[in-house]
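These notes are about the structure you will find just below.
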Amino acid sequence: MINVGVIGYGYWGPNLVRNFADLPNAEVVAVSDLQLSRLESVHRRYPGTRITADYREIIRDPTVDAVIIATPVSTHFEIAREALSSGKHVLCEKPLTHTIPQADTLINLARQHNLTLMVDHTFVYTGAVRKIKQLLSEGTIGRLLYFDSTRINLGLFQHDVNVIWDLAVHDFAIMDYLLDAQPIAVAASGAAHVAGQPESLAYVTCWFEGGLMAHFSVNWLAPVKIRRTIIGGDTKMIVYDDLETSEKVRVYDKGINLISNPDDIYNMLISYRIGDMYAPSIDPTEALHVEATHFVDCIERGQAPLTDGHAGRRVVRTLCAAAASLAESGRPIELSAD
Amino acid sequence: MINVGVIGYGYWGPNLVRNFADLPNAEVVAVSDLQLSRLESVHRRYPGTRITADYREIIRDPTVDAVIIATPVSTHFEIAREALSSGKHVLCEKPLTHTIPQADTLINLARQHNLTLMVDHTFVYTGAVRKIKQLLSEGTIGRLLYFDSTRINLGLFQHDVNVIWDLAVHDFAIMDYLLDAQPIAVAASGAAHVAGQPESLAYVTCWFEGGLMAHFSVNWLAPVKIRRTIIGGDTKMIVYDDLETSEKVRVYDKGINLISNPDDIYNMLISYRIGDMYAPSIDPTEALHVEATHFVDCIERGQAPLTDGHAGRRVVRTLCAAAASLAESGRPIELSAD
Amino acid sequence: MINVGVIGYGYWGPNLVRNFADLPNAEVVAVSDLQLSRLESVHRRYPGTRITADYREIIRDPTVDAVIIATPVSTHFEIAREALSSGKHVLCEKPLTHTIPQADTLINLARQHNLTLMVDHTFVYTGAVRKIKQLLSEGTIGRLLYFDSTRINLGLFQHDVNVIWDLAVHDFAIMDYLLDAQPIAVAASGAAHVAGQPESLAYVTCWFEGGLMAHFSVNWLAPVKIRRTIIGGDTKMIVYDDLETSEKVRVYDKGINLISNPDDIYNMLISYRIGDMYAPSIDPTEALHVEATHFVDCIERGQAPLTDGHAGRRVVRTLCAAAASLAESGRPIELSAD
Amino acid sequence: MINVGVIGYGYWGPNLVRNFADLPNAEVVAVSDLQLSRLESVHRRYPGTRITADYREIIRDPTVDAVIIATPVSTHFEIAREALSSGKHVLCEKPLTHTIPQADTLINLARQHNLTLMVDHTFVYTGAVRKIKQLLSEGTIGRLLYFDSTRINLGLFQHDVNVIWDLAVHDFAIMDYLLDAQPIAVAASGAAHVAGQPESLAYVTCWFEGGLMAHFSVNWLAPVKIRRTIIGGDTKMIVYDDLETSEKVRVYDKGINLISNPDDIYNMLISYRIGDMYAPSIDPTEALHVEATHFVDCIERGQAPLTDGHAGRRVVRTLCAAAASLAESGRPIELSAD
């Protein structure tokens, strides 16, 4: 039985608490938040769970095995550092930290204390993304040509992070899981539509070795909700639409054929190919349930999670490169291997 | 009665011929194309129309009042120059030319000879785009915040132009018509997925005075067809989906409210606003019919067309800036006022 | 504070418990179910709530003010009768009973004991259906011409009721709320696709005074999920699509114009009318929350609920007529006013 | 070379003329219509085609091999009878006739004169319907359980036929082609929403030997356009949506599993099965082109067309049964084998 303490009960905290409470081998023993009304809500639903306004009570609590951090991004590093230093396993909301050195510090702390450090890259645990990973691993779509994601809607304005850190972070985490490669350059442009607030619309481009391009469109001020990723391969193409209730993942046998025609190179070089489409059935299990189970398993077995500190760090690296490009009006930023 | 000669009977030519043939005050007297089979097709459908493999026969024909140019982009300038020099009114496929000086030459020729020079920016003549123009003119959506367009599908690979010149040109023409402003900087990134061929995927960003951003995603290698433009304003937002059979244009009363709250500036500054959506009825007349009628009217009345040489030149200007950025790996290119 | 006991914790029970638990002026003091595993689930989530396998413990409990019945249809009457006889207010799942006399008995019991009897016609409490009611009340769509509903998907086979009692009951409840009229005849056809099981597919037609027709298509064996109701009026028409995340209700200014043309009566009598469409914003509050609040309010104020025993009885009346027609291979069954 | 005369140039005639004009082995030598403006339109588009207001000129013309009848339903029989009697092959718009005896007369005339009699059941020649036929023939979906079609939109009011004869006729023709069985009973209900006009909304149910049910919903007064047929089988299910630009036919590996569980027959009898979905690629050739080619082939080879007089008669038989039921307020009409 893993005793869990949850720090932060805002937008996402209730989902974390509910999923960990449902696990047979975990118990949510304590929840902290700065807002009294939220703690009262915890108390109504989970009378057996201790509540506190001081997260350090949770970190100091010797009965707590693992700490889940669902607080604003700016506080992740400090709370995670304290928790790891106090011998707690940590599951931290994405993005893990604001900077790469911070991520390195947490990774090192976890290794030194032999603790599990996991980042809540939730989408990695959805049936849809796991199915796409399987398709890519099996070579279904051939060589990757592009990765194109749109994640827009009328979103909650964040005051401490811009739309890239809030929305594109999901796509960077999905891309990190699906591709076995890291970007070598990143460019980002954006606009802040409310004076004095962070960017509410942004476009990010990533370049990879071998010509693969990834592009991300994120927007807090869109009238319609779109959650769609297109992954183009040279034999097939995948469309992942997270808003579809069924058929979230579609595999299209569409593309082009290159024809070597010595007589008419100019016109016959390229022809269409339109074959069948299929939509594999997707495991409908709630991602957070899969993830919570995985976290507890990793703690119990001492294994590295799928979305460990290194995955968290890689996502932070892309975020920081995008931030640097944004600050330079869209100039592409090169990333060295590290 | 305006006698029309059509040069080029490939993909678009048949539509041009059909629409001009349907006009009561125009007659398609001649069609030229380099491929014999296409000319035979003209003859089957329009036995009364002369056919020729030599476009100069049309240009020299004294009974021809106006020439319509539907040939590859690289030939537009030369044919249009000859036609205007021979005293023919010209309707030319988009983009008008490959360079700004070429466009200037054509504009000057038309002015000198007192001829109508019009560019076939077809979408400008659709009921949907004309309705959006009306909505913007009436101030329906308030101050413009962004213009975001996606135009992707499994497209015909062009050998002489890349996907920006083939697809984004439509969006640049729509944007030119809808906005009363020209971009001050343009950036473009793209990838060529077939060796030795032009870029088949590209992203273009335009910046305007006052913070307005426009973004264009174009792709010849997409498994699904998308034709969607979102125009965000600070009071309302428009979604234009050209693939919708009805409700192509939707106006969303969605956005944010800024609240001046001296007590809690941090949290209360921004709140959502979700009101009604409405989809105005759209004139279903075929755009090319509207456009053909307009061309003949402009000739007869000596008026400047909506999409005259200057509009064609502005679109070429944006295309050239995008090409320059593409050649510099996405570096934003600044445009001086001219 | 109203103390609530919930009988039945199967598919719908958890939603009822959650919503009543969230009310400030109600408390879920006890839950009963025949399956031990379900009761354990209650205990995990609501440690302060008593659990029992014997629903009569709840009915006899003097601290319980109101009983919520979420058991199979065949048990509704008996449990509701006992609860009302024991002085408990009752909120019962739909359909209220299997027969009209049973419904009459419950209505009379509630009146005699001065208790609130409410039926869980959930959809009546959705923002979408309430908005449609408002539109109809305001005369937005003119005279009603037809009511056409499709409710199909791969559904849970019920063993005690057929697809009409399981799915069409929702539509009958919505229709009862929206229309100020009762059917004068009902016909139903259906098929049982699993031997020995109830009908899994059915079509129901209702006729009203004045020519209004209603039609219902319900199916447990459909590969796609559809939840769509079209309400045709002689000036406008409404499409209610419950699967839309936004724009669930759309009002179309479409229809026909009748033209009196003495010269050409034959051809000019009818012309199309295609105007704007609009989608009013819909209150997104969870229907069960609205309903739970309404139930507690009605108890506290002694008012008749929107979906009282009479509404429940009217829905049972239509269900029984459909069942009678089904048994006679689709022969229309006339209903006398009562 | 088959010389074709087309009688009737209203809504559908232009499509027929265009497709036959495009055939290499057919020529449209004459077109007749009662409206002068339509004939002028023919002349503009096809200057080489003779035009006449008197269809008998076409029937008497010795150079005409085949007559295509695209006139109102009420005239089909007379014109077809005259044409066949004059030794012309006939392609007739659907429905073939108003009555079964009329259809019999035409079938006999064609046989006596050794002429091709074909009915324009256009949808039978679409790539989508031909693909479904192939899937059914290969046993892809197992035993057929139901056939459910919705064909609604804001339609052109017909003055001489009701919505069943105008819209459901398409579905009856598709069903006739796809199923190897004829209905044993038919019921139809409907409503006329304009006084003095035919029914503008109707529901038709067909029963077959073995329990198969078919249902048709047709409506001229719907605010949205729907063209969707669901064909349920006991192993897979097909959804045919004619409005989809791609993926018109989808095959769902969804259904139920029957489990023989001696320990818990009640609860375990039925479980869901949700597998992959796939959308086979569909031949995009225009149906009328396939059909025109087939008609000319059948004439040249002396073969019976896919949609011959017997197919036309079977569709008329179902239409007449629906009309009889409609006249008796929805009473099911039994059909004897014939």
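For reference, chains read A, B, C and D in written order, and residue numbers begin at 1 within each chain.
The criterion applied here is as follows: a contact is a pair of C-beta atoms (placed from the backbone, for glycine too) under 8 Å apart; a residue touches a chain by one contact, two chains touch by 3 or more.
This structure is a prediction, so every number in the text was calculated from the model and none was measured.
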Chain B on chain C, rotation in degrees - Cα superposition, rounded to nearest 5: 180
Interface composition of copies chain A and chain D: same or different, split at half: same
Separation of chain A from chain D, taking each centre as the mean of its C-alpha atoms, in whole Å: 52
Centre-of-Cα separation between chain B and chain A, whole angstrom: 38
Multi-partner residues of chain B (at least 2 other chains): 224, 246, 274, 277
Partner chain D, residues of chain A touching it in the complex: 246-247, 253, 274-281
Residues on chain D engaged by chain C in the complex (per definition of touch): 145-146, 148, 150, 152, 154, 157, 159, 187, 189-191, 193-194, 197, 201, 203, 205, 211, 213, 215, 217, 219, 221-224, 230, 232, 234, 237-239, 250, 252, 254-256, 258, 266, 269-270, 272, 274, 277, 329-332
Chain B residues touching chain D - in the complex, by the definition given at the top: 21-22, 44-48, 224-225, 243, 245-246
